[in-house]
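Below you'll find the structure I mean.
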């Protein structure tokens, strides 16, 4: 398909997916306030471009935790890709490799991490982890991710319990179809369930750090105080995320959370963000406000459902083209040129008394072209 | 019924109720601005969860004025339960007892307080009172409430006159059907009318305090200056309420009023709130902003109309589950862990000049993973 | 008719009026932004009532410029009442007299001021004036108003030219039907046209003051600097008005303009307001923000068109009842009890850092009922 | 046609234009957020008129960079007028001359600048320029514009690359029909393509200044820092523009950008603005906030498509009438009388504590007319 925007992929995906699976991917917790706000909040921001900077050769590439990527957009971890396409995460990884995009493989993938890695030799893979109460089991999973060549662990911390998604309750969607399984949870001949572990705490994070040399990205940080604690506990990066609105409903849009987190982190480690990114300009807004990169979840699934590997490559290619195009229009040669003062809130108040002098104030001054 | 949210109870109730009775319960004064704003204002607030706090054993229980409850949500006083179900307030009280919820029985109940108490032996009951100009009659009512085991008096002060509810005028709904009566107003063989008493003043509150040892909750406080006066007059608790939008239309949403009241009260007595609570996350927002507990009115009626005692228990159980779930997702082990900084206003402005440094600012510093 | 709100009068009027006449009354200038905002701005304000003030005997009466009225609501000057009812301004005046309401008779009335006064002996009448370039003719009009017993001159200053009302252009509505005329403009056997006079200035206001002993109300003030000038020029009262959105489109809602004007005037003279008042609570909001009284224009016309004199009396009676009812619910014995701190803007931000302490902060303090 | 507002011209134009051409003119980049916001942002502003200033003789004329115009509204440069009317830019220029309006002829005109000038002898023409990488070619174009009598060069700087307009992609609209060409790009017997030149920088602007004595207007400035740089580089005027929302989507509305730019420029050179101007009151808002004049693009095209030269004259005449009318209603004799304090943001917060004293505060003071 020849889509002109990410939204067209969603339309195509919706036509092809089982409605219950579409709802599983598209839906969120509670009243889906956060699902909607993630996108809407980007729409409330504006970009103020710079001009005449002569930026001919654009660079959209980034290096994150040692992984090289062609653009500051990662594939966010999402579960169950084989619901969208028979090749599942293999197809996603091949598209990520083809477009030089870092892919965060979900622990809840329907293809084992080893097979994902084998299917896409050039792919830069990170591994998303729910720390399991059985720490020995957790360690076996981490070892598999390391062996498969994953370059970072993305530890999800917003899920002490699972969010209540009413669409799934209404659709009666509770389990994967019989022929599919969470292959990364296969352990000694059986597939173990993913356990959401409310006792998980900063101490366990320390245990995990001792378990592996991989850099740890803490995913699901929304409160600045937790960003501070994360720094204190030696994380390699922080990912501002509300789980795409699928866990606690009513969490602010991630782009609204970003400035406070970025201010708290102060550049000590990269801050990533997912939630609501649908346009290249969204990427620029996040980067101008302090993100090192962003991740996209649902759009990748829409590409996968719409056209398999080709669809994912289409989504990622379109997004990169949009990022590059928007950078050019912003007068930026690279993502580092983006500055916070290029972002404004829609309709904000700038009419302070005395701030503006009407042009007519100058009518009596000589030498100024003036109204007559 | 197997409802997934409180809203589904309302849908079911609407199908079963006489339309004029549905309107009586659902409607409010004037243009129903306040009715709508009570809910909408919660929707403008956001919750910022904490992570990795290892809160395994959740406690949702509270003790309020000596009454123990399984959650910080009370049954607000509402009139005429027998319009919703033949068992009326008996059914509501049994469901409250079963779910360990404090029920504030309305003076305008269609079952006498003695029968309500007898029907639900384990229930924690409080009694809502409109002080009547005939103070001797008022005292007889208070004595009945005391004798029935009520643990507190909830004195409504927002009703010097009755609100004008245009739905009722249009429906011609003025009186209870002949077979129903406000049984708590039965006095010497007849049922007296409830008198809205404009002369009611702080002095009468003093008289009421001398009349009974029960703690007095002042219900209907919206102005911080009145919260101050209430403290000066020795109330045991303050309930921020706009009477569900049924008295003066145009009063702010209670959740918008809460912070100023809580600041004025400064923790001296518990602050309660009703109006617009429809989700567990609403409860958390109110508690984080200074409420000790909230009360729900209409949702209880929808449960009652939808499925009698079982419906009310369903509503209260669902709400408790949502509160517990939301606490877990907020990283809180108990309601005391909620803090004001976990609440933000939707889309508020956080883009102060100079506040955020773009990540690119650090590109020349050694040792930091950076974009290339 | 038995209307429950002013809006029902408009519905009835719309059914009875010639559509072009309905549009003439209902419409405004340009895109009718100001027409809509006048009402919407009241909807953005909230009232915070006081409680337990024991206000039994309510007083809604006011004295304005020596005229006594039963409520702080005047009949605003509107043109062409005979388009709405054959009795025209006579009917309006009788209803004003019957409800003890001050009526500002329009210079563009379709009944002569003498006949209006004669038809309603007890009415308190003020006279609205467009100062005409022919000052002698202006003086003859003033003399007629004086002779008819008018107690004040309401000088409209927002009309140096006539607003462009596109509904009228589309309807081809330019003139009164042949049998109707602006009877106050009858002069020496002919009816002169009303001249909008752009040269009108503060100097002419001085001339007018010398011409008559009647107090002068300046109608159409929107800028605080003009309120200051009006005081300097000795006006007896200021009327904040955007001409019901019929002159310059895009003027702020009058209730949004009021606070600055009231602050500038500082109580030196009464400040009146028209535009968008549709509920008793709107009246209270305006008074709490500094208005001495408000005026209603279109609602009076809807009453007149719906049911003649009885309709106008219905509108005014309903409004008075709503004012009285709202005062009672606000705990006010009279309009002077309204205070600015009883008004808040809808959804305003009250979540300052550190302002609220969550109730849980006090859990370790003895003697406080607390959550467990 | 006898249109009452600019919007009616668009309706008429839409009926006459090839839908793909309508979309080309009406559409914008990306999600067209900026297209919509340009107009909506004017709608969020309000005008506070002054009264009794006795301004009889209105002057709407301005002199800009030596060009005299009957009103502070220019024809913005837009491409391809022959898509709207066979006479194309000739018709537009004749209408501009007839209404004494400055026309900025687009480099992408479908009539050569010499022919445009010849067709409308009295017209004040400025020439819009995309600096071409082949500077010798650029100089030949500038020479042609000079020879044709253009009085200023309007250099567009917001287009290092071309915006992506999805309507055009969907319509397959990529090129002019075979019989039309960008006649100003004809060079040595062939029509060269317009090159969007990302390397364009402030240095090239210096080269351009040395190339010609014409004053240079920098079009497409949105960031105050670039306004400062523009002053440093000796531009004669700055035009705040987001290219009608056709380049980077998500740029703020120009009227939201104006105050900061005007404050930075401080009257040193005239600030112009285009984007979203659809009413005379929009013109006044921009001028009160610091613009010396504004430009209209799409409305001119709608006039041209609706009725050729007559349509353009209708648009410009209507706009001038609206400007004059609005000035009169604002109490301004000329555009210099507009002041920043005549503009307010819709619904802004003016309810500061203590700011307003209710009128009732003064009830005990003698000599003041008061409520009783």
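Which chain is which? They are A, B, C and D, in the order written, and residues in each are numbered from 1.
Rule of thumb we're sticking to: a residue touches a chain if its C-beta (ideal position, glycine included) is under 8 Å from a C-beta of that chain, and two chains touch if they have at least 3 such contacts.
Since the structure is predicted, the reported quantities are computational estimates derived from the model, not experimental observations.
The angle of the rotation superposing chain A on chain D, based on CA atoms and rounded to the nearest 5, is 90 degrees. Taking shared numbers over all numbers used, the chain A to chain B interface scores under half, which places it in the different class. For the pair chain C and chain D, the distance between C-alpha centroids works out to 39 Å.
In chain B, the residues that reach two or more other chains under the touch definition are 341, 344, 348. On the chain C side of its complex with chain D, the touching residues are 30-31, 33, 37, 41, 44, 59, 61-66, 68, 72, 157-158, 160-161, 163-164, 166, 169-170, 198-205, 218, 220-223, 225-226, 229, 236-237, 247-252, 256-257, 259-260, 262-263, 266-271, 287-293, 334-341, 343-345, 348.
Against chain D, the residues of chain A that register as touching in their complex are 4-5, 43, 45-56, 58, 279, 281, 285, 322, 325-326, 328-331, 341-342, 344, 346-351, 353-363, 365, 368-372.
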